[in-house]
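Chain nomenclature is as follows: A, B, C and D, assigned in order of appearance, with residue numbering initiated at 1 for each chain independently.
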Amino acid sequence: MNIEVSRRRFLQLAGAGAAGTAIGALGFGEAEAQVSALVKPFRLVQTKEARTTCPYCAVSCGMLAYAAPSKTNKGKLEVVHIEGDADHPVNRGTLCPKGAAAIDYIHSATRVKTPMYRKPGTAKFEPVTWDFAMERIAKLMKDDRDANFVEKNAAGTTVNRWTTTAFLSGSSVTNETGWVTYKVARGLGLLQIENQARI
Amino acid sequence: MSAHDRDSGAHTRVPRYSGSARINHWIVAISFVLLLLSGLSLFHPSLFWLSALFGGGATVRWLHPWIGVVLVVGFIGLFIRFFAQNLPERTDWVWLARIRHVLSGNDEYLPEVGKYNAGQKFVFWSQSVLVAVMFVTGVGLWEPGLAYFESLFGFKATIDQLRAAALIHAAAAVLTITIWIVHVYAAIWVRGTFSAMTRGFVTGGWGWRHHRKWLRKEVDEGKVERQNVTPAE
Amino acid sequence: MSSLGPTFGRGAMTNSWTDIRNTDLVLIMGGNAAEAHPCGFKWVTEAKAERGAKLMVVDPRFTRSAAVADHYAPIRPGSDVAFLSGVVNYLLSNDKIHKEYVRHYTNSAYLVKEGYAFDEGFFSGYDESKATYDRSSWEYEIGADGYAVRDMTLEHPRSVFQLMKKHFAPYTPEMVARVSGTPQDKFLKVCDWIASTANGERAMTIMYALGWTQHSHGAQNIRTAAMIQLLCGNIGIPGGGVNALRGHSNVQGITDVGTLTAAIPGYLALPTESEPTLESHLGKRTFKPLQANQTSYWQNYRKFYVSFLKSYFGAKATPENNFGYDWLPKLDVAYDCLRMFDLINQGKTTGLICQGFNPLMAIASSNKSAAGLAKLKFLVSIDPIETDTARFWENHGEFNDVDPAKIQTEVFMLPVTSFAEEAGSLTNSSRCISWKWQAADPYHDSRTDVVILADLFNRIRKLYETQGGKGAEPLMAVDWSYKDPAEPSADELLKELNGKALVDLKDASGKVTRQAGSQLASFGEMRDDGSTDGAMWIYTGVYGPAGNLSQRRDNADPSGLGVYGNWGFSWPANRRIQYNRASADPEGKPWSERKKFMFWNGERWTGPDVPDYVPTIPPSQATGPFIMNPEGVSRLWVRGLMADGPFPVHYEPFESPVTNPVYPKLKGNPAARVFERDRASFGNAKEFPIVATTYRLVEHFHYWTKGVHMNAVVQPEFFVEMSEQLAAEKGIKHGGWVRVWSKRGSVKGKAVVTKRLKPLTIDGKTVHTVGLPLNFGFIGVARKANPINGLTPPVGDANSQTPEYKAFLVNVEPIVGPVA
Amino acid sequence: MFPAIPNPTTEKSAAKFGEKDMIRRSASTITPPAKRQTEVAKLIDVSKCIGCKACQTACLEWNQLTEEVGVNVGVYDNPHDLTANSWTLMRYTEYENPESGNLEWLIRKDGCMHCEDPGCLKACPSPGAIVQYSNGIVDFVKENCIGCGYCVKGCPFNIPRISKADHKAYKCTLCSDRVAVGQGPACQKACPTQAIVFGTKDEMKAWAAKRIADLKSRGFDKAGLYDPPGVQGTHVMYVLHHADKPQLYAGLANNPRISPLVEAWKGVGKYAGLALIGLTAAAGVIHHILQGPNRVSKEDEENAEKLAGGKS
């Protein structure tokens, strides 16, 4: 029994490449065939590792996500295990009860799989295509904007604002997503933009 | 009829157990043997091979308690049938006091005995108690069964109770097996006994020798049958 | 954040998670770090184990933070200012302050101009009819040289120091006990331990979170804490700081990016309609120094603003059109979330898009929110998981008792990728930007937020292109010149946030310092003439010429002080401890060997961190360490920067069991945000005698993990925590069902009767507190519950508009539970 | 900070221990290997534990266990007890310390202690269903388990649980599959405050000593290590602030040893029982040899006939 206790210093830019590499090349068949008599085989063998960040609180712990071909979502890689990144200076490999269970968030029973639409007055959601959903939302927004956009206020100042639609922005999205959100929401002239910072 | 009966030249026979009593007895007896074998397989590693008779340890684990249930149900039948005749009497103490003569086979020095002698009554009562004990403690060891009984009776067994149950179950098993050996041996040693549980009859002589008071009662009630012809088995 | 900014200059966690290991004393108050930030809390346990640090927890409940504390003091919800003011008074009246620090690094010596006053809880300038202050009298006396007047002896009666002594004098230990219910011995132990750090030898860190912000006087809670740290000299030093432990994994980054009603990325301001021209906007914000030789970094505001406009409108932003300033929407009023839901409830807002947001659960007064949602024309939920909001129209029995047929809202749920299915950068609570890599493919039909929003934007723009419509010009002006307009890459977007040179940048001698097209290495390179862009100046450097530094993963720590300077990139300019110049004395020498961090080596500022300072300014110039502030020093007295006063005052919560014992004339924060329509929804102590406070549990994250199986396993069901005394009084059984109701709503749950909550004696009267965890709702795999915000009051903090979730009034009764 | 164990590799690597390192096997006699591996241990520092249950979810996640969503019964303990799917559990105790007057919230992570002298293994009747490796890990081998539940009674800490689904016994494996590739158990890796650390048993004892010194400096005079000698020590140990009163911590055994009942049952009981049975049988045989059968004589029959004849 030899536990290597030295801290590993990790190289910069050490994350895994993008997902979706040829799955066959990873040799999962072999891993599944391996059967050990007593001690179970280590289940991360030949999975694909990527360094990600916990989606929950603002400690923003470093996580390692291990992916393998999905059994239910054919042709796609899905996460099969998550643990803390021991190289991360803040969390040092640890995770809290939420981070340690984050795989169940990915595979949550209430995960939305496909665009869903609820018609006025009905009692259920129905699946729709992306195209239908996006076209309909764009139309609803344009109608509202056309009806309520204010180019100049009473004093004649150019104000270019649209105050009848609100955008609540998530605080667990990436900075880049945040910037796109900002650009889109402000670009439309929205003033009712908020995130979780205040609450 | 056994050779012994022929040798003794019996001409009377007395019904001792009805058909249903015999079936009842043999259900209990077979259950007992199965329980003994399956129980022993879990009792000591050197006997684990016995589990193979049942198809492996896992089968033993689930089968043993169910056989136990069969035994308990059967035993309750026996108990109801026989408990009245097993109530202690004064003569039992005399019989016990003369246990030396019992072991020597000198029945003539013993008081006249009813349907059961004190030894049989001891077997009856001790097995009755032990079956009850085995059942209660057995439930404690019975994984799915325990949960059922717990919800049925609204209690939660503590781990110490369960540990005690395991010990008591094992100790009771040893005792019950020991007493069972005595029971079986007595049936073997006292020749002429087996037919009571196989065919339901004993010879009059057997009754005269071992249970004379009972024989007198049977005679009074006219239950003794004459046999003029030597049986031809 | 709206209190740290006015005090120190920037509104973010001053130190880093890993720096907490350098502390000697930790105060957790207004937060519950062990439960809300377990992996950050590790550094508290580390400081305890390795440095012998002590941990104090002040909380209405004996929390899991308190479980590992050296000292626990109970407090009534909503009385933190009184408690902390008591500490300030203790430090001042016992002269246990870090004198030199206070003299040189705070505005204690500044004279306040004549006319400023404080009387019976009110500052000068209060307008009762508008419930606001005219803050013009809250200013310094300005000398003939144009600079603020100081008295370095701190003796002048109008010096901030003397005003402060007077202001805090009423908060004696007796008063603290009366208001907060904290036994005097427990309070004094806190004071004593804090005072032990009022020197350059020892450090204290304060860790807080929403337990301080979510009050009608939330910002003032933090202000008082910041003052304590300044009096002890604990800002800018390792192991010190006022550390705001933020909620979501990228709430810091998203706050930086500024998806807030009045923000522009990097803490610039969205113009108001009273600022019709670019100059009128910039003029108000380009602060001149208030003292000689001060950095007053906001002097560069226009460079950052113009660079932002260049990123936002691209080539269309020219000097001739004021870089597109006219196209920006102008505020008539700030639309914070309370106002947003007030308008939704009034039917004035007709569309709502929720991106990773569950407002039905998260916003105060859920019943008001639910009624509002039903008036919307359309609602779009962009979330990996189903939210209660997205299903607000669905009947869930007593947990969401609505009639779908009567709700005409069109609702969309758009599946979005989860955290593991996308790449990009996140900024943690201590401002460190780090990259995450994509681990798996998008789940089923889900798409990234970027793809969804780009699609939406492109579709709408196309509609305007083909059909025309109102306000088409500003919409079309937005720059969208991405390589793939349908899917801007994370790499491209981070580069855009960082900024680049648009033409060759030259120094005074004409030498090219940065070639056209090259990424900027620092915001110091930004220009106000349109020759640079950069959407968010504070992030400049994260993706400079050397590449994407958020991807750096070198966890070397040569100083052993937990700096990790080459891990990711910490804004601003990769500084890990803000205001770190204050770790040295005015001569530039460390306050002590024990607290050595940044120092002047005779030629420049050096040390393990990047100096939060111009590295070549010698100590002789007396440039202050708080470079964002025009004073160069921090503010014990914040001038007119806060809506409810330059000094903190104990305000009772809007629903309080007692009259304000310090200033009986005050009824709540006089400047708090309340809509007139909502005033009737406050309950009184007669009907609702019990104080309630809401909080999250360590097993759950807000409203997400009720849909996460394992978390539902370890904490399956809503409950109500209460003391044994209250349970006995009400005949409530441990584990039995109870109903809790306020003036606004009602919830029911199991009673957790505990020794960890105790009744307190407030102003002579016994006050009970119940604890209400917030993590449950009607969608998910955990047991269903009513939204806890059905109980909370619609009142917001005067500065941040954060609702008062942490202290309100309820009543409790035992009930027969549902048959299940 | 106890040094973090490096991240796992996804490359295949040889297991660091296996069948050859077995030192005990239930209901079997085996020859232990000549050389023991370095003993490993998990140290649970109760004084650092914040009761967050990260260990619980990490355990469920790594071991791919699906536990039921329960209910709240007025306490933070969820599930309410160990189950076949919950191999570890936080147990919470509110204790008002009479000496200091302070409330203490004692939170103990319950689970298999990996005893040096494992009662479960001793009680197990099924050969090879429970094994102990020379590094100290006590592991259940599902294929050999018959689900009898004797391990539950044999365990001095009441840890194993029988699955209602497959009727096999389950408990913490100390993540033997992780330890076999040089990793620590999942709970240890997750633990946010390093209240759980993992290493060689000697390292753990040394680390515990440091923690105990810190606790003593904070007024916990009775702080100490829980490595109970009654089971010859354990490979999961606790640092307790009140080592003199382990029962304060949700009934942690004061002086755990294999229950005398179990000892009686599985130790001397086995032999005494078999002996008694054997002796009884032997007595019968001897009696029969010495005494011969007890036969009914001709006279008996005649007397019976006479009796019957007289009456009928």
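Side notes on the structure shown:
The rule is simple: a residue touches a chain if its C-beta (ideal position, glycine included) is under 8 Å from a C-beta of that chain, and two chains touch if they have at least 3 such contacts.
These numbers come from a predicted model, not from an experiment.
Once chain D is left out, the chains joined by touching break up into A, C | B. Across A-D and B-D, it is B-D that has more C-beta pairs touching. For the pair chain A and chain B, the distance between C-alpha centroids works out to 72 Å. If each chain is reduced to the centroid of its CA atoms, chain B and chain D end up 39 Å from each other. Averaged C-alpha coordinates put the centre of chain C at 48 Å from the centre of chain D. Within chain D, residues 1, 52-54, 56-57, 60-61, 192-194 each touch two or more of the remaining chains. Chain A has residues 7, 48, 66, 82, 84, 87, 91-92, 94-101, 104 in contact with two or more other chains. Multi-chain contact residues of chain B, defined as those touching 2 or more other chains: none present.
Against chain A, the residues of chain D that register as touching in their complex are 1, 3-13, 15-19, 22, 37-38, 40, 52-54, 56-58, 60-62, 131, 135, 139, 141, 176-182, 184, 186, 189-194, 198-200. Put simply, chain D touches chain B in their complex at residues 27-28, 123, 125-127, 144-150, 152-153, 158, 162, 164, 167, 259, 261-262, 264-265, 269-270, 272-274, 276-277, 280-281, 284, 287-288, 291-298, 300-305, 307-309, 311-312.
Of all residues in chain D, only 1, 47-54, 56-57, 60-61, 66-76, 78-79, 86, 94, 96, 102-105, 107, 192-195, 210-211, 214, 217-218 touch chain C in the complex they form. The touching residues of chain C, when paired with chain D in their complex, are 34-35, 38-39, 41-42, 45-46, 48-50, 52, 62, 64-68, 70, 72, 698-699, 709-719, 734-736, 749-756, 781-783, 820. Residues 4, 8-12, 41-45, 48, 51, 56-58, 60-62, 103-105, 107, 141, 143-144, 147, 159-160, 162-167, 170-171, 173-175, 177-178, 181-182, 185, 188-192, 203-210, 215-216, 219-220, 222, 224, 226 of chain B touch chain D in their complex.
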